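Both of the next two complexes hold chain A, though its partner changes from chain B to chain C.
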Partner chain A sequence: MALPRHLKNGLTPLEIEFLAENEMIEIEPFIASGQDLELLGGTLPPLRPQRLIKVPLWMAISLKKKQKCKIATPEWMTVESLQRSLKEEQDQERFSALPYHYMELAQLLLENACDDISSADAVRTLLKDLREARQSKARQGVAALGLTYLQMDNIGLMEINEIRPFFTKAFNEIQKLKQGSNENDQDGIPEIPGGFDGSASYASSLPESSRFNTTQGSRNN
Partner chain B sequence: MSVDDDLFSEFNDFNGAAPAPLTRDEIDPTKYVKFLTQAWINERAAPDILKYEQASVDGLLAKIDEQTMVIDELDSGKDTSVIISILYQTELERIKFVLRSYLRTRISKIEKYCQFILADTNSKRRLSKAEILYAEKPSLDEAVFCRVVEDVGDFRLDE
Partner chain C sequence: MEDYYDIDSILAEDQNVKCVFQRNIPGLSWLEGGHDDMLKAGSRIDIPFWMAREIADHPEGTVPINIETPEFYGNKVRNGLRAEATVVDLPKLCPNFFRFGTHYLQLFEDENLASCLEDAFKARLQLTMDHTQSGGNSNTTEYLDRLDETERELYKAGLESSASVHHWNQQSFGRIRSASEMLLKRKAGV
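Take a look at the complex of A and B:
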């Protein structure tokens, strides 16, 4: 009954993709369902041909596979919008504002509804550039890792997961060093909160989902 | 609950979805999936065992049965019914996946930290009744080696 070892370190990439499939997306159905869709997660109005409707991504993909709908490309995933995000990513120190599940959504849409995305190849290339720019930013975040927490606004869930094992481990090591130095020095070392965008603060008006805080209560390895 | 209570309430009792444990009747049934999913994510990320999401698990189990009957009653002759049936079943499979993974994650923690959890009142409080039974029952089915020190002749082993 025990979980395999590789499943114990937080969620797997596949499980994160699974979560992204709960996100709502707009589709244009080719069929009429003739009735409300009474799902356990909530009721959706009837599907009608040519009538745009928001449904969970898993449903959109399921219908798409049977050629029963067209999936509308989200605004942030168009070439113009991605070009803007990439420029922002290169010009600014902070992460550009992309959806929490942007990597998974893009991956799933390119995989399952490539023909519904205009200039899919350009979109793919832009996403790759964005990803690389953001990855190097996340690595730079190590330098900002302080004694109590690290704030990274707008980082995606998949990106958190990639750096989680390393960051939590490094964080624990820093804690150990701090304890060691407290024993040697009565005054201890000053508390330096680490803020990645330079503006370290505990209070933030940002939604929980776009924040990433490492605290002592997270995990041990 | 006053603000002070909030400050002193235990960090791990917070499960993201329902800060104060709600009973099954108090939760909007369409929130079961959301609460369970959040509880699953938290359970996977936390090093210790979190509060059991009793209301959503019980509520969902009942809902899954209901939905299974709805699917059975859909007219399989109609094209649209076939599509609806596929969509309903897909959702059920997704929910069952989360449910299984959630319960297995907890069982695996209980197995690993059994003695600690049973000795620690705070941890033990977070288990379901079935989980407490599981934790307290020593496993009598384990294989053991026996060294025979004396010949007793024929001996019949229990099945």
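Take a look at the complex of A and C:
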């Protein structure tokens, strides 16, 4: 398909953000809706003031913008929890367990509901540290790029999308280099002794002019 | 395996290789710039790889020419790549170093070269990725000059994706803003 290159590589950050907006999050509404909320993805119970309820993030943000709810900080996004994750990230070789959409969720919440998050600045710094630690891990993955696959558990969608174009291309190139060395055994290409040393000869019963013309012809086709 | 219309692949095949002809071949002396009809056995000339391959890939499996190992796959370069792959200046040797390598290895069985190329590619890959994430600092240009075409493509792809995430992080991505002209007008009180 004729797509511009930045679209061909996968999803754009904004598309990923859009996907993340479907995640459920807890809010404390200030209003009563009176009736069930019928959404495409399912029906939600009615909103009641002071009663915690799980709604999609897009709805939470929309209500928040109208000052009609308070968003509860998700468990993993508190300072203590992030500090724990960061420590885990630095001590262990694998990625620490964060939500699949952690970057997008954090970004959207910090942008729209900064006042509902306790010590938002500390959270922001911790998230940045986390991201850097995880980035350097993804970088180590390059060294492990092998013949078949690369396993990265717990990596977020945004992170995987960031390294995808680079990794897939690199992987293809490595495959090609490997294929080149194995192809002689499987393919129809006649086996030619390395370097053509001496053994190459021109044993043939055909007159040489006609023989050469056939190869020339095939190139011109 | 390879896309027939892949332009990079076609360009890579255009690399000249030194060939020694084993037989007199009529009608090919123009390759050497001569005016006789016959290309003499033992002539050593540069011809593009695609042509050398077609001549070598003979229907009966007999080979009228000897393709010499190109200098840039010689022992000197191999040792250099093994010692420190990231400092070898590839475009100077051959602009399509790795891509041509895949073509070359399809014709020749050379385990040593194959493993050497693969290891070198992997070793350089890591540094290339580091540079994509530093977002085009001034000290990258020197490194970029040493990348071959394949690696340059990789670098571009990596840079684009990390830049787009960076933009998104800075919240300057896809948000609707008033045009700068409007802001100027507003300031001027029009």
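As a working rule, the second predicted complex is superposed on the first by the 178 of 221 C-alpha atoms of A that agree within 3 Å, B and C clash if a C-alpha of one lies under 4 Å from a C-alpha of the other, contacts with A are read in each partner's own complex, and residues count from 1 in each chain.
Just so it is clear, a contact is a pair of C-beta atoms (placed from the backbone, for glycine too) under 8 Å apart; a residue touches a chain by one contact, two chains touch by 3 or more.
Values in this document were obtained by computation on a predicted structure and should not be read as measured data.
Trainee: Tell me which partner A:32 touches in the superposition: chain B (first), chain C (second), both or neither.
Mentor: After superposition on chain A, A:32 lies in contact with chain B alone.
Trainee: Contacts for A:177 in the overlay, against chain B (first) and chain C (second): which applies, first, second, both or neither?
Mentor: second
Trainee: Look at the residues of chain A and decide whether chain B or chain C touches more of them.
Mentor: Larger number of chain A residues touched: C.
Trainee: Regarding the shared-chain residue A:121, is it in contact with chain B (first), chain C (second), both, or neither?
Mentor: Neither partner.
Trainee: By the touch definition at the top of the document, which applies to A:42: first (chain B), second (chain C), both, or neither?
Mentor: first
Trainee: For A:93 in the superposed arrangement: first (chain B), second (chain C), both or neither?
Mentor: It touches nothing on chain B or chain C.
Trainee: So chain A touches chain B in one structure and chain C in the other; where do those two contact lists coincide?
Mentor: Looking at chain A, the two contact sets intersect at 10, 218-219.
Trainee: Could you pull out which chain A residues touch chain B in their complex?
Mentor: 1-3, 7-8, 10-11, 15, 18-19, 21-22, 31-35, 37-43, 58-59, 62-63, 66, 68, 217-220
Trainee: Write out the stretch or stretches of chain C touching chain A in their complex.
Mentor: Against chain A, chain C makes touches at 1-2, 22-28, 50-51, 54-67, 69, 98-99, 101-111, 114-115, 117-118, 121-122, 125-126, 129-130, 132-133, 150, 153-154, 157-158, 160-162, 164-165, 167-169, 171, 173-174.
Trainee: Which part of chain A faces chain C closely enough to touch in the complex?
Mentor: By the definition above, chain A touches chain C via 5-6, 9-10, 12-14, 17, 107, 111, 135, 139, 142-143, 145, 158, 161-166, 169-170, 173-174, 176-181, 183-184, 187, 189-192, 194-197, 200-204, 208-209, 211-212, 214-216, 218-219.
Trainee: For a test of understanding, state which residues of chain B touch chain A in their complex under the given definition.
Mentor: Residues 11-12, 29-30, 32-34, 37, 41, 44-47, 60, 63-64, 67, 70, 79-80, 83-84, 86-88, 90-92, 94-95, 97, 101, 104-105, 107-108, 111-112 of chain B touch chain A in their complex.
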